[in-house]
Structure formats: structure tokens, C-alpha cells
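Can you read through this structure? Questions will come right after.
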């Protein structure tokens, strides 16, 4: 999986510095850190450009603390998503330099080096703010400049049109919307940037927990939209980050 | 159900002109015409303001002909929906004064007296034209002035905005859309008239036969929208007709 | 969007009273009030005939208070829906002239000028009262005369038939029903007014949170019905209000 | 499974007329006729009161012929459901005494002895006639008096109310309806007989192949309704037959 | 709706004892008791053979008490379903002669006169007992002899087969099952009585709140089954009661 | 069902040691223990190779205690699944030798004799551990050697590939995964052992409570996978146990 | 992926017989045969114990012929599933030794060496025969002894019970059923072998293309069942083959 | 919408070159070409970077020809998707320079100028080729270099791993997969480029027309994936094109 490392290993075998049996064992020596209850994927940044994030929901505080400390030790930063207010506050108090973003339900330690690529995060209504903030906080932690643009749903089209200049400046737009989920369609019809659409579970009965907004986005009559899971602000930020880094080789070594 | 008729009957009983037993039988004498295979509801216009229409799909041509002739005899006009091109052409050729509207899949005989109330019919895309035409032809047959405004979906917002003056003139707007079904939301946010939303079964895979557009419309973040069944142009026309006739008493007798 | 205002602006430019650059800025000066966490759409009444309402669920009390005060300042009245009993009572106690309607979960400040158009609100069962009251309280706040007619489901058809005179007087009927959702169909078959159908999430297992009633209403064999979202009493009131105001120009200026 | 036969067998063993080994084999001697490709359940009438019927769809004509002949030989009658017009006509021509009921898609040979219990079969619309006829033809073949009452959907309530006397005479009512499926609810609220509800796959888009009508019937606000599968006229007839035979012991031996 | 009463009224009009105008008003005099928040359907027993029952869920205790007292006054008995343990105990303590059946979540006052027709109530597993008890308690309150037969699911077929004699004695079988819902199919294949199938919401993930069991029952390969709503023990009891009373005229007057 | 016992009974009848009537009663003497509220299936081990387990959810503690004691008395061991932490701790404290496995939500008494067949239990993520532990604890209690392999989801393929040797040693693999549920597909493409796939209800919005993972597993492009219900670790263990015992006759008697 | 081959390669590098660069290229030399439009996975048998099969639906005849010939050349046998009657007959005529099994829609060339492990294939009804035959023909082609047992659905329980001895002889049972899908539950409660359940798309309306049967099987109250996709007879055969081969090491080399 | 044009207009008004009334009309002069039955959005390229494409399904040949000719006249190129083989061949024969790509069901006229950004198109199985080709042909027509990589599904992981170098070269990866839809998850875990996931409607029963693959992709445990509609190869190409053009300003004017 890591050609350089495999090649160096093969060269060591060729040079007699390492026996075939040892080399075979080396190949099985996997690049993760085993905490017993979890295997941290420390090479993910190498493969995918972003270090592994922690899904906080349902994990015990002690486990979370151990994972975060191990990640900070390895990467100098860590990100935990889906943290309730109590767990978030508690965890932040026991970890130096940790910040808990309550509305986003995200805890961050450190931050990535500044990356190019401006990301605009739109929210259709005030009820979609939590998911939008999750996307914005994560994108900021990755290192991207983020511009927030909230309460711009299509029920008041002038609010969206009034923010067109900001949208046109963005390299990628994350559009978060519940209920009818029509915002990404309209955005994609107005700007040339790719649109990452995030349905939220906000709405009356037949929104069916975000299904209505999800289907609207998948069926958008304006193309250029990539849809992520319901309420998945983090996933939207990762996709946006990959998009703006797309043309920048990140695997180069000097 | 018809107070006048019941009262006249009771007066006849009081006057000894009709025995109680006969009156009881009269009350059971129902206002429909039994063709054997169908019971035509000839008093529907009295109750609901519009004569019964015929759902053409799956009916035999001979049966359709008999029904239409009976309705024309009773009301001076008839309307058949959901007719395939072959059945429509054949039926039109055997009925004097019948017109078959192929794109709408509707056959009309006669037309209602001119009614007040302007109805605008919008279609999001060219694939929605069939359903939009069904709505427009039916509304026209009911007697209303109809303004068509097609291919104005939100993927090209300026096409819709360019038709705003026409929309503002309408007393009710019928908005027909498949795929993401976002058109009615945007229309309802721009004009004060009630919007009748018609989802169509047009779209790629996850439109699920119009379900996506249906859910979008039910979850519209702009209120003022009444949704009818998928592809149900006729139902939209009836609702629109009821809406514009709402303030005009149609049951008054001199 | 507001032709008069744009024309006056253009005239000012022609008269040299305003520079092109200033005019461009004016056009970008959007008709909403930005509270930071929300953008209030103060021109909505101009566009749609009704001022913006506030969806209370999930909003913080302090935010709600700020929004309501801003709306009362701009319009002289405000409406908040989906308020729990505790939040509603608390909010009502801090806002002068506010009334909290507990069963409807609605808070009102002030009321619109009396509008023409009688609205009948029907509820099929006693469990549907909350949603029906939301519709009735909102319609009343808009300024319409409202007639309530509750517990008239089709399981006791005579209860509905006994209220036919009241139904015939209405310009529009809002029919609220859970379980089988059959009430709107029967109502639409008996009266000529348009019927706004509201499915509720009331029912045993396979009602699937109101889906059964929703599908019944969309598939009603009697046409003339516009369906709104599950439990959406507010949306039904807006649609009913648009319907009865349909023929009355509301944009005229002296 | 058949206590009398087991007891007689045990008595024969006790009397030394049959060895234990033979008795064991007897118990394994199963009451079905194996045609190779199908095992006909010839004792079903003994267990359930009605002989096995044949589901015609997808079966080859030759197989159907062999099955029917074997059933007629065993019971003196046979019933095949879900037969297309071509297969039905062809099969009827090769079997003496067979009658093909085209609208019902049912083929019958012979008929059961007259049974007590009047069954009323209702159809909401003319498009539901096929399924209603399947129920009516099957119930008639079982031996029950059947009263048909078609095109009595709730869109014209007076048509249903006009047939109330006939409904009150029935021991059980089969109510067949597509679209909104509201007919069984209204019937069950008007008569004391049990109602067998049959949803049909008739309707516009969001009927979802009968799902809407099915859910309506399951959620009927008037109790006393038993629902069978979509388009399953045969199943409705079997349930109705079991109901009217319920109080008549059919297993008695002199 | 009540021919005798209408005829007597007509005779009074013919005899000059009542004016046509008064008679018209009489016809509008509906047979229900209006408590303001609810319209009790006191003639339901006349129409359907069983007095109205009260759905307890979501109703306030004071309202429930008023309703029950009015029903006891009119009929000498009352039935409330879907009562939580606290509400049930409290209500039972304030109403003389009331009994709260905790597992069934049902409160009864009085009991119907003994009716013919034996009803067997089966439950597949111990988790289905609540729904089965709701059916059994209601059927008992209607006046029918009830035989309970619990924990006889098809995972231990011998438990069911061991109860066959009891099943064969029943005039109707109510089969309650969650998870795979296979019990009614097997029962219907073994006995000739009609089977009322009640799916329950018991089960692992993909039971989807009883949907899996519901679909199984609707698709039962053994006919003779009528399905009611998920967890609807009361509805099953009403259907069973209608079935066993089917042949006994209940409207006769001396 | 038990030929030997039936044959012995028949021989006793033949020998005059037992009358036919007594023998008939004997045949009805079923192999279960009736506790009143439950019928324990004590012969299940004989039929299926594993004793009956107890589904703990929703059962009262006293009932659970009685059932467990009866099972321990009959089989020397017992297993309760789906126990909350409070109920589990309490039950464990009152039963000698009982162990409560909190993460697995399983209580065990005793353990089966060591059986052949190595079972590997895989979990895709740390949130799937509860279900995986349920499978592992149950399989261990049945008597099988179990190897756990957690946090090996396909988002870090090298973690899975690094455990291939362990997977190749297993006779059957249980693969537990939520979210996209892709783990079993990849496992089945890499090893020849049968794979038991367990979807979990873990995930963001459109996982729909495990439906997404369930469908993925059913549609796996690599064959050799048997799917069990969502979150059903116990069911997976039973299937795995049947698979590894498949070739070992368990019904032999000396 | 193939440790032996990797080790030999490393030894060649250590011996200087192969340069590190060449070895790196060797590791990329993948074990599949690229036909341009398809990449045949020729090492699948090594990994999974069974050679790759061909999914025939939608493939062109010429492509199928090329693929089969390449597979026969590599493995001496080939298997094509989901072939229509015309394509199957045509393909069989052009390939020597090919046999087309029409009912199973399967084409076979050659057959695997006899493997241990008896597989019983059950079909609930005659309409399920096609899918059952697909499973049986594939299992036979893999090399296993297969026993067919058709038309043994639970609507006639004695037909199933009469085949118990055959079921008890099987090492694994494949149970194919449409409609209610109850067969696997009952089978799993009667025999100790693992049961592979295959839902079919056979049934009336609410079977929803096999969804009802699928859910029944996933929710089976008798554990020990592994479910495969709807109509997927081939997948069932593969799982059954893996199960019976489970204890037989297939990777051993002398 | 176009600030430059508005500003120039305002300057003309200020200069007296244009009256306010004329300017108002100018603002309503919309940038589309009205063919009567369709309104071509000729400015879409300006707004979104790509000219409007034509959805061919359901459109008449003559209409298609007119639309294509108008687009070629305006842009020098045109693209029609979803064309059946007959319509495609016929249309290609009447339009000079048109090419019909049969497997992709796409017709192209001309091609965009070469754009930067390498797009890799992956297909999991041979049955997914049609959708993959739609994506590849469209992306090529837009002007991007495209690398195809087919039949690399996860059932043979080495086929995918063998193509890793090509994947690593791509700026964006389009991954097309039916059945379990697991390919994008695995790809996103291996490369840092953004992944556009396209579910296809290929698969056995419970794929439900692509729903299974769609849900898998939305729930992918590896982030960095944007999902488009089922079978929507064109939409994937548009999103990919927007992504690779993301950093290249396309609105600049000299």
C-alpha cells in the first residue's frame, strides 16, 4: 500500500540486511495503533489526506480521552464529532487546548496548517444551524477558510440572491437544508462551483427524518451536486476538503 | 341531502298528496343513472359544482361511449381522462363534437359556461407537459381562463422570474414538476395566490415514480401549497376550480 | 422584485439624484432584518400577503423573544408555532399582549385586521384536536372568521351529516384526520368548497406516523382536495387564507 | 391430525388387527396426491372446510389441466384463479363442464352444495370490478348466495346509502376498493356485519400499487374490518365463507 | 338511517301532528351527546351491535372520567383502551365498579350480557401478551366466552399442535404474533374457523415496528385470515365479535 | 415427532399395557413445562441442538428469575439476551453462578461442553461492539472457541488484511457492521468460510436504523453470506453454531 | 494475498535472482484474465473454494460465449445463471458439453468433483420452483449431492412433516418460499441443520416483489437461519456449499 | 444577476441614453430562446460553466432535432442523454457531425475545448457499463481527459488494488456500482481524491432498483464521497467537471 516503504524493504532484502522471513513479518506489521478496544488508523492522513476523526456518540468518556490523547500524540491534533453538551464540556475540561463547539457538537484539539480553497457553508433555516456548524467547524479544523451564510432558504429567495457575491467567491459550496431540501438545487443553478448537499432531519411529519430532503437533493434538476448522508456535516466537510485539495498533490515527498 | 326536495316531499305528505310509505320510497329513489356496469352520479354538479368526469384507463371503448353519451344527454358535456392515443382517436371519431387532446390524454365534449377566475398552469420541464396539459385542458373545459407557462423549472431561475407578471395575474397557480419538485416552493415564496402542486413521475432512479417530488412539495418551506396525487392533472384542475369559485355562490336559486 | 421601488430608483438615477453606483448598492440592500442568528423576512407580507411566522421547536427562549419583539415592532403582530407548554407559558409571561394557546401549541401577539372568507375547521377525532386548533388559531390570527366542528369522523357518519349546513356556509374547509384519514374524501364529496386536508400522526402501528392518512388523502376518490404535511395545522391555515383571499387584490396601493 | 382416524387405528392395534410397525407406516401415509411437480392437498376440505384451489398464474396449461382433472376426480369440482383470457379460454375448451369467468379471471368446474350465509360483494369503482368479481365468483362456487353491489364508492355517498337495505341483509360484507380505500370504513360504521376489506392496485401515482388503500383499511377508524392482501378477491371469499360457516359445525359425523 | 323512526315521523306529519318544518328539524336532531370536546355516538350499538369504546391514549383524566360516566349512564357499561398504568389505576379508583386490567391496558365498567360464540385468543410469544390480553379482555367485556392459549408460536410447533383441540372448539380464532408473524398462517391451515390476525410491534431491527409481521399475515399462503392493525387487540375483538354474532339478528324488535 | 417414543407407545398398546384412550392422551402430553405465563420448550435441544434461550427485553425480573431457574434445573445452564444494565446486575446477584456481560447485554449460567468449530467474530467499528459481543458471548456459551477481531472496517482496509491469517483459521466468520455494511462482502471475497452477516442499527440518518447495512449485505456481490436480523448477535451465534456442528451428528443415541 | 507466492518471490530477491524493481512489478501482476470488456477472476477458486460464475442477464451472447470458453479453458467447467430460454438454448447449441437447465435458467459446462455434504432444497409452492431449481442445479454443479423436496409449504403442514426424515439427513437445508415466507421458520424449528432461506418474488400485491417473504425470514422466531437475496438461488447454493465444506480444509497443499 | 450588465444599464439611464421605462423592460429581457415547447437556457454556460444538455427520454425526434440544431448554432456543440438505440441512430443520421454512443445512450455533436483535470471512471461489474459509459462520454465531451477502469468490484479486491496507480493519478474518481454498492467506500479509503458515487439499478430482488446501492453509498464509512442519483452517469460527469474546474476561474473577463 505504501510503495516507497515496500521498495525500501525489498532493497534491504536484496542487500541481505533483512531475511525473507523477517520481511514477510514486516509486511504484516500494520500501520495502526491498537488500544485494545479500538485500532487507530494512523496512516489515514498519508492515504487520504486527512487524519482519522472520532465519532463520539455512544463512546465512553474514558475511551474518548485515551483515543484523543493518542491521536494528538501522533498528529498534533484531533477531532471528535457527535458529542452531547455534557460529554463535550467534560472532555474539553480534561484535555489541554481542547475546544468544545456546542452548537456543532464537535470538539477540536489543534488545527491543520492553512490550506488553499475557500468553502462556503449555507444553511436554509435556523433549525439547520447545528449541522451547518458541524460542517463549518470541521472544515476550519482541516485548515480551510470558511464563510458562513445562514438562514438563506428559498422561502425568501432574496436572502439567497443577496449573498450571491459570497457564493461566487467560494471554490465549493456546502448547502445544508431540511424540510423540502430545495436549497442546493437553486444554488447549483446559480454558481459554477461544485455543491455538497447535506439533508437534515428537520421538518414536519412527512419529512420522514430527512428522507424528503435527501430525495430532493438526489433528484435535483440542476446538476453539479454531490449528496452526503442526512445530518452528516462532518462528511460534507471532508468531501469539500478533498474537492478543494483535488488539484494540489499532497503525497509528494521532497 | 337536498333540503328543498325533502321539504316539498314533506309538504306533499302533509297535504295528503303522498302517503308515508310512498314518501319513504321516494327518499330511497337515488339521483343516479344505473347503466348496469356503472352508476352515473348525475347530481354531482348540484353537490360539488362540477359534473362527474370519466376515468378512461382500463375501460372498454363501448362502455366509454355509452357513459359519455349518457353524460352528454344529462349535462350537455362530458370529460374523459387517461385515454391512450388509439382509444382517444377512436372514441373521438364516433362521438360528434368530441375533441381528443393527445398530449393531455383527455377527450372533451362541449365546454362549461365561462367562469371567473384565472388559472395559471406551470410546468417545470418539457417532460412534465403531459400532466400540465391534462390540468390545463380540464380547467379550460370547466370554463376558466387558463394561462400556460411551460419549461420554467428552478434550474434556470430567470425563466421563472421572467414570467412573474403572468403569475401575479393568476387567481390560483397550478405548478407541475417532477424530479426534485422544487418549483411550487419557489412559486409560493414569490406570489400570494394559492398554489396547487402536482408531482409527476418523471425522473431518474431515486425519484421512485414521483415520490421524491411528492415529498418535496409536502415539505415545502414556503406555505400556501396544496398537494394532489402524482401525475393527477385532473385533480389539480378540480381543486383550482373550487378555489376560484370559492367566493361565488353556485347553489343560489332565484 | 418590487417593480414600484425599482422604477422609483431608476427615476432617481435618471434625475441625477442618485449615482449608478449608489443605485447598485440600493438594489443589493435586501429587505430583511439580520439578527445574527436569523434573517427576518420583513417583506414577506408584501410578497405573499402574510407576515413571516416563527417555527418555535428547537429554538432557545431568548432567541424567540428577540425575534418576536422584532416582528411586533415591524408588523404590530407575531405568531409562534410548535411551542411546548413550558416554553409557551414562559414566553407569554415576558411579552406584553402575548397569548399562549396551549392545545394548539401556538403563541400569538396581536391579530390581523378582519378579512373576508369563512373557514371551517373539522377534526375527525378527539386526538386530532391539537392540530386542528393550530389551524384554527392561526386562521383566526390572520383575521378570518373560523368555525370549529370537532369529532365528526366517518365512524359516525351522522355526526358529519348533522354539521352539513355549517360546512355549506364555509368558503374553504380544513379537514384534519389521523388513522384512516377518510374524512376529507367524504367532505369533498358533499360540499363544493375546496378542502384543505391535514393528516395527523395519530393512530395504531401501521399508521406509520401519519403516512397512512397522508396517502389516503392524496388518493381521495373525490377530487377538490389539497393536501398539506402531516400535523401541519399552520400550513393548512396559510393555504386556506390564500384561497379565501384569492380574488381580493392585496397588493394595491392607494 | 384427524383424531377419529388415529383412534380407529389405535383400536385396530389394540385388537391385534394391525401391527405396531404397520400402524407407524399408516401414520406416515400422508393425505396428499403427488403429481411429481405438485402435491395436491386432498384432505384440505376435511381440515379447513374448503378444497384446495389452484393459483393459475405462471403455471403451464398442461400442468393446470392435470391438476384440475385430479381435483375434479377427488372432489367433483375445481377452482382456478388468476388465469389470463387466453389460458382461461383454452383450458375451458378442453375440460368438460368448465366455465371461464373472464372479468374475474377464474375458471370453475362444478359448484359446492348450497351453503347458508348471504355474502354481499361491494366495489367502490368500475375499475375495481375484476377483483370484486373474483371474490363473487369464488364465493358462489363455494356454495353461498352472493349479492353484488358495484360502483358505490364514497365519492357519491348516496349510491352507498341507497344500497343500505341490501347491506343490512348480508351476513358478511366484502368491500373492494382502490385509490383511497375508504369504502370499508364507511360500510363498517353503518352495518353490524363483519367487513372483509380488499384493497386493489387501482389508482394514480401515490397509490403505490394498492399500498395506500391497504393502509387506509388497516387504520380504519370504524372497527370490525378484516383486511386481506391487495387484489386478493379469492382470499376475501375464503374468509367470508369461513365467517358465515363459523357457527355451523362442519366436522360432525352422525 | 333509522327507517322505523323516519316512518313514524312521516306518519305524524301525515296525521297533522307535526308540521313539515318541525319534521325537517327533527331529521337534523342527531343521536349523539355533545360534551363540548367530544361527541359521544350513543346510537352506535343500534347500528353496529357494540357501544362506542374510548381510546384512552393522550386524553386527560378528567375528560376520560366525564366520558366514561356519560357512557355508563347511557349503556350501563363502558370500555377504555390504551391506558397507561398510572392513568388506569387513578381512573379505576374514582369510578365505582371499574376494573383496570394492567397488562391489557384496558379499563372496564360492567360487562355485556352473555353472547354465544367461543373466541380463542392465541399469542405466539410472551412478549405478545399485552396485545393478546387487550383482545381477550375486550371480547370478554362484549359478553363472549374467551379461551386464552399463550406462548404457542411456531418455533415450538408441538406447543401449538398440543392445543389443537381447544382451537377446534373455537368459533373464531384471534392469533397475535410479532417477529415473523407466522402463527396465523399455520393456524389457518389447521382449523376451519376464521382467523383474525394481529401483528405486534415486537421484534429485532428489521421487524420495523411490526411491519414484517403485518406483511407476513397479509401474504399468508393459507387463506381464511383477516388482518387488523399492528398491536390492535381491541380491533381484533370487535371483528371477532361481529363474526360470531354474524348469524344472530341483533336489530330485531318484538 | 419422536418416532421411538411413538413406537414404544404403540407396542404398549399392542401388548395391552395401555388402552387406546390412554395412548391418545399420551400423544397429547407435550414436552414443555408450563409456568403459566410461559411454556418452556425443554425438548428444543433434542430437536435443534441448542436449548431455548430467553429474550430478556420487556420481561419482569421475577418472571426471568423463575424461567432461568427452571432452565438450569432442566439443562444445567441458561442464557438470557437483551438485558439492560440494571436488570442484568440485579438478576446476576440473585442467581448463583450467573455472569452478566454488560457490553453484550447477556446473562449466562453455566456453559456448554466444548464443541469443535472455531468461530471468528468481526466488528467493523467500535460502535458495533455491543452486537459483536452478544454474538461472541453466546457462541462461547454454546461451547465453541471464539476469536474476536474488532474495529476492522473497510475504511482502513489494512486493518482487515492484517487479520487475514486469523480469518483463514476460522470455520465460520460472523461479520458485524453498521453504516454501509460493506465488511461481509469484502470478507467473503477473501476467505472460503461461510460468512454470517449481522447489520447493526449504527449510523447517520439514512442508515434508517440498520436498513442500509441490511440491504448491502443482502446484495453483496461476493456470494457465501447468510444475513440475520439487524442487531441480532444471538441469532448469528446460533446460525454459526449450527454451521460448525453441521457435519457432527448430534442426534445419535448409543 | 498469496503468502507462498510472495515468500518465493522474496526468496528470489534474496538470492539475487530478481531485482527489487522487478519484484515490485511482479506484485502488481494480478491474477485475472482481461478480456477487454471483463476481467475474469481466475484465482477466485483458490481464495474462496469456488470458481467465478457468470451472471447472464443483460450480457450479449458473443460476450457470454467468450467468457465461458475462457473459464472452461482455465477450470474445465463453467456456470452461467439468469439466462432466458432463447439465449440459453442458443448458447448451449454452440458450446460442446454445455447443458441448459430451462426451469433453473442456468447453463452448465462440466461439473465439480464429488464433494461431501448433503444439501436438501425445499420449495414452498409450485411457483417457487424456478428459484429452487437454480439453487439445486448450482449445488449439483459444485459437486454436492442434492435432494429436492418441492411443494411443502406450511399451508399443508403434513406435506412438510411427511418429509422430515429427508430433512434430518441433510447437512444443510435450502428453503425457498414466496408469499408469507414462513417455511424456513418452521423448518429451523424442526431440524438442527443450518437453514439457508431464499425469499422469492412470488405473491399477491403486498408481497412487494418478495419484500414480505424477506422480512419474515429475517424476523424468524426460530434461530439458525441465514437469509440471502430475493430470488437468489445461486447465492443460496454458494452459501450452502461453503457451509458443508466448512470443516474440510481446502487450502492444504501436500 | 449579471452585475456588469445591470451597471452598464444604469449608466445608460444616468446618461439619459435610456429611459427608466425602457430599462425596466430591459431587465425583463431574459436570456433564453423560446422554441414554443421548450425554453433553451442559453446563458447556462455563463452561469454554471457548462451548456445545457438535453434529456432525450420521452421527447419526439423532431423536437430533439430542433433543440440540438439550436444548441449547436448557439454553442457549437450539443449533448443528448438517455436515447434509445433506434432514436439515437436515426438522430445521428440526420445531424452532421453527430455521434451516437450506443452503450452510453448518449449523442454528441462537437466537443468542448480541452480542460485540465483527469477523471477516472470505475465500474464495479460488467452490468454497470452502460451508466459508466454515460459518465465517461459526457466527461469527455466536456473536454476532460478520461481514464476508464471497468469490472473492478470488491468481490475481487485484487482487480481494484491492481489499478491503484491509475486511481492515484486521477483528480476525481467516478465510481459506478450496483448490487451492494460497496466500491466507492473502498476507493475513498484508498485514495485522497474526491469520489463521485453513482448507484445503478443492477441487482437481484432486494436491490429495489438501486436503492440498496444508494443507501450503501450515503452511509459509506469512508468519508469523501458525494452521491448522485441512481443510474445518473451524466450528473456524475457534471459534478466531476465542476470539481476539477473548481480552482480555475471561469468567469474572468479580460
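Letters A, B, C, D, E, F, G and H mark the chains in the order given here, with residues in each chain numbered from 1 onward.
In this text, a residue touches a chain if its C-beta (ideal position, glycine included) is under 8 Å from a C-beta of that chain, and two chains touch if they have at least 3 such contacts.
Everything quoted here is computed from the prediction, not taken from an experiment.
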Q | Chains touching both chain C and chain F, listed by label | A | A, D, E, H
Q) Farthest from chain E in C-alpha centre terms, which chain would that be? A) H
Q. If you list every residue number at the chain E and chain G contact, are more than half found on both copies (same) or fewer than half (different)?
A. same
Q.
Using Cα averages as centroids, what's the distance between chain B and chain F in whole Å?
A. 58
Q | chain A and chain C, separation of their C-alpha mean positions in angstrom | A | 38
Q: At least two other chains touched by the same residue of chain D: list those residues.
A: 1, 3, 125, 155-156, 189-190, 203-204, 206-208, 211, 214, 218-219, 222, 229-230, 235
(Q) Taking the top-of-page definition of touch, could you list the pairs of chains it picks out? (A) A-B, A-C, A-F, A-G, A-H, B-C, B-D, B-E, B-H, C-D, C-E, C-H, D-E, D-F, D-G, E-F, E-G, F-G, F-H, G-H
Q | chain A-facing residues of chain H, complex | A | 1, 47-49, 116-117, 168, 171-172, 188-196, 214, 218-219, 222-230, 234-235, 238-239, 242-247, 250-251
Q) What residues of chain B sit close enough to touch chain E in their complex? A) 3, 6-7, 10-11, 13-14, 16, 19-21, 23-24, 27
Q) Which residues, counting only chain G, touch chain H once they are in their complex? A) 1, 28, 30-32, 37-39, 41, 43-44, 52, 55, 57-59, 63, 199, 201, 209-211, 214, 229-232, 235
(Q) Considering only the defined contacts, which chain B positions touch chain H in the complex? (A) 125-127, 129, 150-152, 155-156, 158-159, 161-162, 165, 202-208
(Q) For a test of understanding, state which residues of chain D touch chain C in their complex under the given definition. (A) 124-125, 153-157, 179-182, 185-186, 189-190, 203-204, 206-208, 211-213, 215-222
